[in-house]
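After this come two complexes, each holding subunit A, first together with subunit B and then together with subunit C.
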Partner chain A sequence: MYEGAVQDLIDELGRLPGVGPKSAQRIAFHLLAADATDVRRLVDALTEVKARVRFCEVCGNVAESERCRICADPRRSDEVVCVVEEPKDVVAIERTREFRGKYHVLGGAINPIENVGPDDLRVKELMSRLADGVVQEVILATDPNVEGEATATYLARLIGPMGVTVSRLASGLPVGGDLEYADEVTLGRAFEGRRVVGR
Partner chain B sequence: MYVSHLSLLDFRSYASVDVELEPGPNAFVGRNGQGKTNLVEAIGYVATLGSHRVASDGPLVRAGAERAIVRTRIVRGDRASTVELEITPGRANRARVNRGQPGRPRDVLGILRTVLFAPEDLALVKGDPDGRRRLLDQLVVQLLPRAAGLLGDYERVVKQRSALLKSLRGLRASGRTPDLSTLEVWDAKAAQLGAEVLAMRLQLVQALRPHVAAAYEQVSDADGAAELGYRSSLEAFSADGAASDAAGGLLPDDVAVAPPSAAVLEQALVVAMAAARPQEVERGVSLVGPHRDDLVLTLGGLPAKGYASHGESWSFALALRLASFRLLGGGGVGTGEGTPETFWDPDLGTDADPVLVLDDVFAELDVRRRERLAELVAPARQVLVTAAVPDDVPAGLMAARFDVTTGEVARAV
Partner chain C sequence: MPLYRDDAIVLRTQKLGEADRIVTLLTREQGKVRAVAKGVRRTSSRFGARLEPFMVVDVQLHTGRSLDTVTQVETVGPYARPICEDYGLYTAGAAMLEAADRLVEAEREPAVQQYWLLAGALRALAQRAHAPALVLDSYLLRAFAVAGWAPSFTDCARCGEPGPHHSFSVATGGAVCSRCRPPGSPAPAPETFTLLAALLTGDWDAADSSDERHRKEASGLVAAYTQYHLERTLRSLRHVDRTPVATVAPPPAPTTPAPTRREA
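What follows is the complex of A and B.
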């Protein structure tokens, strides 16, 4: 245990995701040794992010005004909505440049162990977005784990009766990799979802 | 297959040890607490990525050391592979096959197969259902490594569903009407994955039955026929026996008849879950599915648990392990014939005998069972036996003897 402020800082850092006690200690002493202006910049960034960043009224993504950059972009289609768990998933899909529609960020997945139900996610907002009939297709891009699959099933059951096409991202082999390195589950899924390429 | 070389670094009581093993019987003899079991535990770890004694990796690392390394050389047919595992508690373990790049431990599953006999096996007969479920599930994974993911997912779904049921119970207790729409989603997942687990277990039991009956007859004096059955939580909640109507019950009497398919079982699970729902919400527990099932052991028509004598229970436990050994391809018996399609293994024919590990078992058995067991296992490709005193080990298994004293293993001449 260190004294006063140093220990406080270590404790606070240790509460961050992915930071263990050892890393927290390392970061704390790095900050202690760092230039005062560098630390100032970090403090400003932290204050700014809490003060300025809010969540887009439409999709729930991080934004600096009422609407996020993606929802405000007139070049993007309103007919396709891609549903993801977290803002970082939006960034991941954006990197592909494959998708020209809009997003809906749920803010997590259904997880009864963590006491997260549909009411804790932005499900109602999604339903009201679909109400006016503009959206033709909803792509469910939740994580391919137990909780993400359950969330996708839940949403599919809810949206299906509204006459909107619901699709789910495919599971399969990573591109550019070697077949031999794929694990059995992924390879098994890839077999299930194989496509006919000739006859 | 057999293990030709075992070397340990900071594993349990061993700072460093190298042992050259022989095909056929190998006996490790030494007083209690000298580290005999640690040797076979390490070999078991390479086969299953888990210890048969502890659930976490922590105790496997020698006190004061940061990580343990287990290196084995495994010979199968005319091919030898080296498997090296680095066990670092609290971090991801690493595995290396044939001195290649370090990779995920899961990649080594299937290279070495073992069947372990231990004093705790008596609990398979006398103990709670979860031990018997674990026996089935571990066998399924050995036969079909892909099933590990399925079992993990199913367990996770049941945990989530049970958490939801608990919170629904809480809502009801406070006088509100709970919304059941998310429960339906978990029901669907539990039914789908549960049906796959159940289908695999039923196929496994069906394949094990003849082996268990034969093995029991061989280890005991055939005092009554040993039979396997499967009691499913499904049956308790199917109103008019709808589940058991499907293709002549979950487990058809005739071992040649295949049990119901996963699709049929999924339907049955959906129906049973609907019937169980009022009770489930009331108690806040998931009541239907393979996690509530049991492997039923009967002896001459009576349940072994409660009716079998101590000696009979031991015979049954040994028969279960011997049957597993044969199903995995051991003794040239299970060379594919009678093995269900699901567990089809293209490699089964080539030197498939799993390594048999008998950890402190002989001390538990009377002379007659001891000798019978020794006769049955001696022809196996490799048998590893541990015992506190040499007299416990039948002569036929003493071909290669090792003396184990605090952290040292010496070949006795």
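What follows is the complex of A and C.
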């Protein structure tokens, strides 16, 4: 145990995800030894992020104004909405440069054991977006795990009767991998989602 | 026992660090085991898909100081996918997993009956053999019976007087006669008592032919019984989708290939 401010800093750093007591101690002593201007820059960045960043009122992504950069972009299609769990999923899909529609961030996935139900996610906001009839397709891009699949099943059941096309991201073999090493669940899905390339 | 192998049901998973998970397993021989599965959140993981909740697996673990480490996994019962494809099945299954996690409290204490009961219930759920809410209620009643809290739905739970009786007392342990009946005990319909007894004994012909009204009443009593004996609410019970199923669908054709033994 250290005294006063040093221990307080270690305790606060230790509350961050993935930072254990040893790492917290190492970061704390790095900051103690660092130049005052470097520390000030870090403090400013932390203060700024809390003061300026909020959630987009349309899609729920992180934004610095009422609407995020993607929702405010007139070149992107309003007819296709891609539903993701977290803002970091938006960044992952944007890296593909394949998608030119807009997003909807749910804020998680349905997980009854963790007491997360549909009412705890931004499902109502999604349904409001679909109500005006502009959106023609909803792409469900939740994680390909149990919670993500169940959330996709729930949303498909909810959106289907509205006459909007509902699609799910394909699951299958990772590019650059060997077929023989694929597990049977993934390989089974790859077979199920195969596409015709010629006749 | 640095390396050991066992059949297991994946009860829950928690994220750990960048790409790992802590998996809670209900194993056949070792009871409840918590283990680290390294790198399973990466898309390149060779056994991430097998370590999802609801999966029944043949697993090899390396004994660690606090947590064991998963080294190999093979699929035995690929129930995750069929369960996730139906929201009602998913919410019922999640409640079953949470109940098993709570009923088998101590780690590394064999709970063979609980293992087989849960494996059977997950299979029934995945095959859509019965309405999901019925499978859930039957599982809960039987899991409590295995844990030593067997309810009685015919004879009086306190004095043993042969039934049928008209009152139900959660604290007493089921049906109670007019003499033992605590004040304020509810009086469910006789058909509800019949349904609860059928769910406890596995009389599926009787359970499948029951009315929606009695199923709802039975579910309420099972939920109250669960909450009382676990001393806490099962968090997933309030999320159970109880939308009535008009007809019980036939078991779907297996979509997952038979498991093959392969090094992880």
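The working rule: the second predicted complex is superposed on the first by the 192 of 199 C-alpha atoms of A that agree within 3 Å, B and C clash if a C-alpha of one lies under 4 Å from a C-alpha of the other, contacts with A are read in each partner's own complex, and residues count from 1 in each chain.
Keep this in mind: a contact is a pair of C-beta atoms (placed from the backbone, for glycine too) under 8 Å apart; a residue touches a chain by one contact, two chains touch by 3 or more.
Small disclaimer: the values here were computed from a predicted structure and weren't measured.
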Clash or fit, subunit B versus subunit C on superposed subunit A: clash
Touched subunit A residues, subunit B compared with subunit C: C
Which superposed partner A:Glu192 touches (first subunit B, second subunit C, both, neither): second
First, second, both or neither for A:Asp183, with subunit B first and subunit C second: both
Which of subunit B and subunit C A:Gly160 touches, first, second, both or neither: neither
Which superposed partner A:Pro21 touches (first subunit B, second subunit C, both, neither): neither
Partner chain(s) touched by A:Pro174 [first = subunit B, second = subunit C, both, neither]: second
Region of subunit B that runs into subunit C when the structures are aligned on their shared chain, from 23-31, 77-85, 131-139 or 203-211: 131-139
Common ground on subunit A, meaning residues reached by subunit C in one complex and by subunit B in the other: 110-113, 115, 117, 146, 149-150, 153-154, 157, 183-185, 188
Subunit C residues within the subunit A interface of the complex: 12, 17-18, 43-44, 46-50, 52-54, 75, 78, 80-81, 83-87, 90-91, 94-95, 97-98, 101, 235-236, 238-240, 255-257, 259-260
Contact footprint of subunit C on subunit A as seen in their complex: 18, 110-115, 117, 145-146, 149-150, 153-154, 157, 174, 177, 181, 183-188, 192
Subunit B - residues contacting subunit A, complex: 104, 106, 145-146, 149, 153, 156-157, 159-161, 163-164, 167, 181-182, 184-186, 188-189
Subunit B contact footprint on subunit A (complex, rising order): 110-113, 115, 117-118, 146-147, 149-150, 153-154, 157-158, 183-185, 188
